[in-house]
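To keep things simple, chains are lettered A, B, C and D as they appear, and every chain counts its residues starting from 1.
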Amino acid sequence: MIKAGIIGASGYVGCELARILSSHGGADLEILSSRRGDGAEYGSIYPHFLKSPYTITETNIEAAADACDVVFIAAPHGVAAGMVSADILKKTRVIDMGADFRLKDPDAYEKWYGLKHPKPELIAEAAYGLTELNRDEIKSARLIANPGCYPTAAALALYPLIAEGAICPQNVVINAMSGVSGAGRDVRESNLFCETNESLKPYGVATHRHTPEIEQTLSLGAPVTVSFAPVLAPISRGILAISTAELSGALTVKDIADIYDKYYTGEFFIRVLPPGEMPQTRWVKGSNFTDIGFALDGRTNRVIICSVIDNMVKGASGQAIANMNIMFGLPERQGLSQFSVFP
Amino acid sequence: MIKAGIIGASGYVGCELARILSSHGGADLEILSSRRGDGAEYGSIYPHFLKSPYTITETNIEAAADACDVVFIAAPHGVAAGMVSADILKKTRVIDMGADFRLKDPDAYEKWYGLKHPKPELIAEAAYGLTELNRDEIKSARLIANPGCYPTAAALALYPLIAEGAICPQNVVINAMSGVSGAGRDVRESNLFCETNESLKPYGVATHRHTPEIEQTLSLGAPVTVSFAPVLAPISRGILAISTAELSGALTVKDIADIYDKYYTGEFFIRVLPPGEMPQTRWVKGSNFTDIGFALDGRTNRVIICSVIDNMVKGASGQAIANMNIMFGLPERQGLSQFSVFP
Amino acid sequence: MIKAGIIGASGYVGCELARILSSHGGADLEILSSRRGDGAEYGSIYPHFLKSPYTITETNIEAAADACDVVFIAAPHGVAAGMVSADILKKTRVIDMGADFRLKDPDAYEKWYGLKHPKPELIAEAAYGLTELNRDEIKSARLIANPGCYPTAAALALYPLIAEGAICPQNVVINAMSGVSGAGRDVRESNLFCETNESLKPYGVATHRHTPEIEQTLSLGAPVTVSFAPVLAPISRGILAISTAELSGALTVKDIADIYDKYYTGEFFIRVLPPGEMPQTRWVKGSNFTDIGFALDGRTNRVIICSVIDNMVKGASGQAIANMNIMFGLPERQGLSQFSVFP
Amino acid sequence: MIKAGIIGASGYVGCELARILSSHGGADLEILSSRRGDGAEYGSIYPHFLKSPYTITETNIEAAADACDVVFIAAPHGVAAGMVSADILKKTRVIDMGADFRLKDPDAYEKWYGLKHPKPELIAEAAYGLTELNRDEIKSARLIANPGCYPTAAALALYPLIAEGAICPQNVVINAMSGVSGAGRDVRESNLFCETNESLKPYGVATHRHTPEIEQTLSLGAPVTVSFAPVLAPISRGILAISTAELSGALTVKDIADIYDKYYTGEFFIRVLPPGEMPQTRWVKGSNFTDIGFALDGRTNRVIICSVIDNMVKGASGQAIANMNIMFGLPERQGLSQFSVFP
């Protein structure tokens, strides 16, 4: 059994890691820790874990590294990079759920996150954990930069089309909607029920930190620049990304379908819908699937791709556990075989 | 007092007309009718109208025209055009809440609505009721084509920028989210609570019928073509339109702000937010306001505009009543002065 | 025109007062104040008031009393009693939206609110503002104790049956569900969207502070004791109270209907449904109505009454404005004639 | 591996059975059938099952009985009793998700369900599947009457107190709230998003068919009569039952806690909270747990018990699978070990 630890277990991403690992079958959850941790039952913070065997302790990366084969760090940006070191990585593998090791360029990190990168020397060795696109690197990595939720949804939708030269890299518009769990458990007025219920709220328009991460993944040869506008929607979980791109030539629906087939036919967790059908977030809620639909807009020579994920699963904890499975030679789907909890 | 009638009072648009007219002060609601109408109390169909004086009768356009100064028709496309005639328009003014007289080109109507236009001879005289952009024509019209909800939100956001040549007419992407009331009271599986709650659902991507209506309004000189993808969101009311457009030159935030000022400073029902601030649908729910925010995306030379309306008010019944006020020489704001019902 | 002031305008109750007064027609809103007030536009705190003429200033009861004919105080318990004095009441009338003057017994106040009453000498003169039950006293009062939301819903449902001796005063069970706006705009983890959405949460079971208020209103002669369990439901607005009581004798459905008729036939804001029909909160949302339905449970000799209100309107600001209307000789319905905003 | 079949796989209960069985590990889903079944992929009806191996065929009880060790029937009342026969029960075990075999008295069935019982001779042999209360009988049964959702939540809360004589059997009031999935996938106006969202709706007050089922389970010696009022709440899943009962004597909080301990200490799926703490439906969503909290109301000599379940899991499909596990000698928790999907 893999021994796993979670740092940041009092946040939503941490508790979703705990949920999946609790019935994973190939990993034992040795350590759950948090700034709020004091040895109490985990169920005192998250009552759905009442009767679980877990307690939540104070954060200690050294102890976690000593006790665990893999440590998930779910913390605000800056924290993981502060904790991880060459020494730690000799003792354990680390999957960073946050942003610290996603951008390969430390200057970009500083620009978008407003923070000088604490450990630029570790960036190179970090494998970007977008499972389907980077499986080989993940396999042998000691340090995983688990992708952001929006980049996961958007990049999986656009990657095959960019890779095949089907769309123009400079004319891509991405609008995305996210459930409120994406904002975490932080206590802010803007996240109160009455302030988000029955409303739609654009935020971070043209300034969201996931923008350079999307561009980095898609810049295969030619640099890709995207316009990105996210929206907070009154659902607990789910991301819908709508990507609109200019076709680079006279492509047919079948051409596009063939491209997706070429890249994703063998991918269990990616389901490309028949042309014209569009995915909905409810079909992936609680599961690790990415559902993708597309339509050609012949009038404007564009393709519009809609992709959906559960931001807590494929957009965070589920993808991290798939990555863990890959790192330790387990079947990629272990612990992640469940279909959406619907309705 | 204006004598007003509603055809289609059993639908959501009809009941919202009734709500606003019931406390309007300058209009009496003489007739509420519907296919489901049988002389019963209106409160038997919509219990929030218990204790109202209204009854709901069978649809009869002749009787409505005889009894009323203005008749609102809230019916599926094809119905209003079937009812309205030169004779009817001699007796009463008509505000069509549906799509029959919005498109100036009957061929476009046939193409997008799949129906040969029943009364092409009346199209020319219909005034398009986008209040702020067409006030003069509305004033003297006998027949109003009340705009669609998406076109209201999107066109008000883009019109000033198109009119001033600030953006390229061929590179406009519009994504919009709507509350479920936009789907009407039709009983379909896809509109059940469990099928829409906690989910986001793209639909009509690249094929939605509001697309040519948006393009018609924005084609000022040069033809405008837009890519349009709407999304159903689990809220009862509200539309958020996100319009992304390529700047035609090196414009600054101040330039854009000045353009909006030029067009909308005197418009009570349009509130342009300070640069960088974005509107939320909750701030307009139950009111006739359109709130607009914008951001420049300097990296991509684009402007991203977010606009919100209440699809039932500014997107349907409220705008219709503002148009009625204009037609009858009442203050445009009469009956519409209420701020959003929040939270 | 009545000159009105609001103390506590940054809370939900305050902003609902402002919404209703802004289109009241018989009152001008002279002062909106709050601890957070600094002379800024009211729209900076509540953007739905953008373009309103209001600014929000620092709280100053003396200034408010000098400038206004009536001052609404929407503040946590203890605050209003601290502010109001004999001198203040010589200058202005006060409507306390909070709990300070509701309980006639200062010991009960201390027991349930954990605070020695700051002004016991003013309790006697305060009129309890349950409009339909206390209109005469309200008319001449200088100080109104505006009722709690649960007591409004529950007491209006039970009062006629108690008054007529139809039910046993010692065997009444009340369960009620409230929207989250009832918890105010306080920033607490338990009120976050993700912590309340898709969930039902009992709280204050057998200990809620509205219990003695309900009992006080219903103790007409014989003391009434109720068991009360409230539940937080994931809606923004609305209260449903379910009151189950033992019949005192062999009463028929018609007997019960007759009792409600006797008390409420002339009451515009109370709508008693035909026997067997039950009210829903959506039919009163945004309105000042109380809808009441009842069913006899012949098997157990009980009557079950369901009553619904909008907690922000009839349960707070709407009822306060009806009371203001009564105090100043205006029509009770002025500013409150709007039907529910549905859907 | 157990071979399992589902009749009624196009409904919500059927698809929840499929979800749980798909990762159960001890059972193979051989047959999914429905009136709507035509051999298509199950994912065409429920897209979250895209990439599942399942197809949905036309209902055929004979074929299902031949092919399967256990057949779950999720159908409207009357249907299962029509299908099941002595012959069928010789070939397979049947778990009826509906109401046909729950009431032991066929006259009560006829009275409450308005239908003469089609197979009264089979009622006696049916084991009532309230797992914790009836494990021995379930073990050896060929036919299981799986309990209703409300009866599961309410009876588990009240049973220990009744069994120990702690409460008076004639003075029990139950109010319960349910998510909309409880109404099934039937296409009715009342279940539309806009008609249920942001609203609370009492229904079946004093007439709900689960009333006699609750009473049957609780009538241990003395007959128990309850007043029952259910409410539809705008959540997809979850039931909260609030049971208020008169204490039979001077019991303390510890006495009540001890009674629950005595009955439920060894029950994994029942979590009794510390005195004064109350459960919320979110903590059990997607799981098979029943969480129970209670408070003494000393003023009225009553106990108020709040119990929550996921109506689709413990209230339907999860409990059915626990029963299947018991019948086939598998660990009761197999396939059901997952904690709530939160947030």
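Heads up, the rule we're going with is that a contact is a pair of C-beta atoms (placed from the backbone, for glycine too) under 8 Å apart; a residue touches a chain by one contact, two chains touch by 3 or more.
Note that the structure is predicted; figures quoted are calculated from it, not measured.
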Centroid-based (C-alpha) most distant chain relative to subunit B | D
Please state whether A-B or A-C has more C-beta contact pairs across its interface.
-> A-B
With chain centres defined as C-alpha means, what is the inter-centre distance between subunit B and subunit C in Å?
-> 36
Which whole number of Å gives the spacing of the CA centres of subunit A and subunit B?
-> 38
Report the inter-chain centroid distance for subunit A and subunit C in whole angstrom, where each centroid is the mean of the CA atoms.
-> 46
Residue numbers in subunit B touching two or more further chains are 12, 180-181, 194-195, 197-198, 234-237, 279-280, 282, 285, 343
Subunit D touches which residues of subunit B in the complex?
-> 12, 180-181, 185, 187-189, 191-198, 234-236
Subunit C residues within the subunit B interface of the complex | 12, 15, 18-19, 22-23, 46-52, 180-181, 198, 236-237, 268, 271, 273, 279-280, 282-287, 289, 291, 312, 337-343
Please give the residue numbers of subunit B that touch subunit A in the complex, ascending.
-> 170-171, 173, 175, 177, 194-195, 197-203, 205-207, 225-227, 229, 231, 233-238, 240, 242, 244, 278-282, 285, 293, 295-300, 302, 304, 306, 308, 343
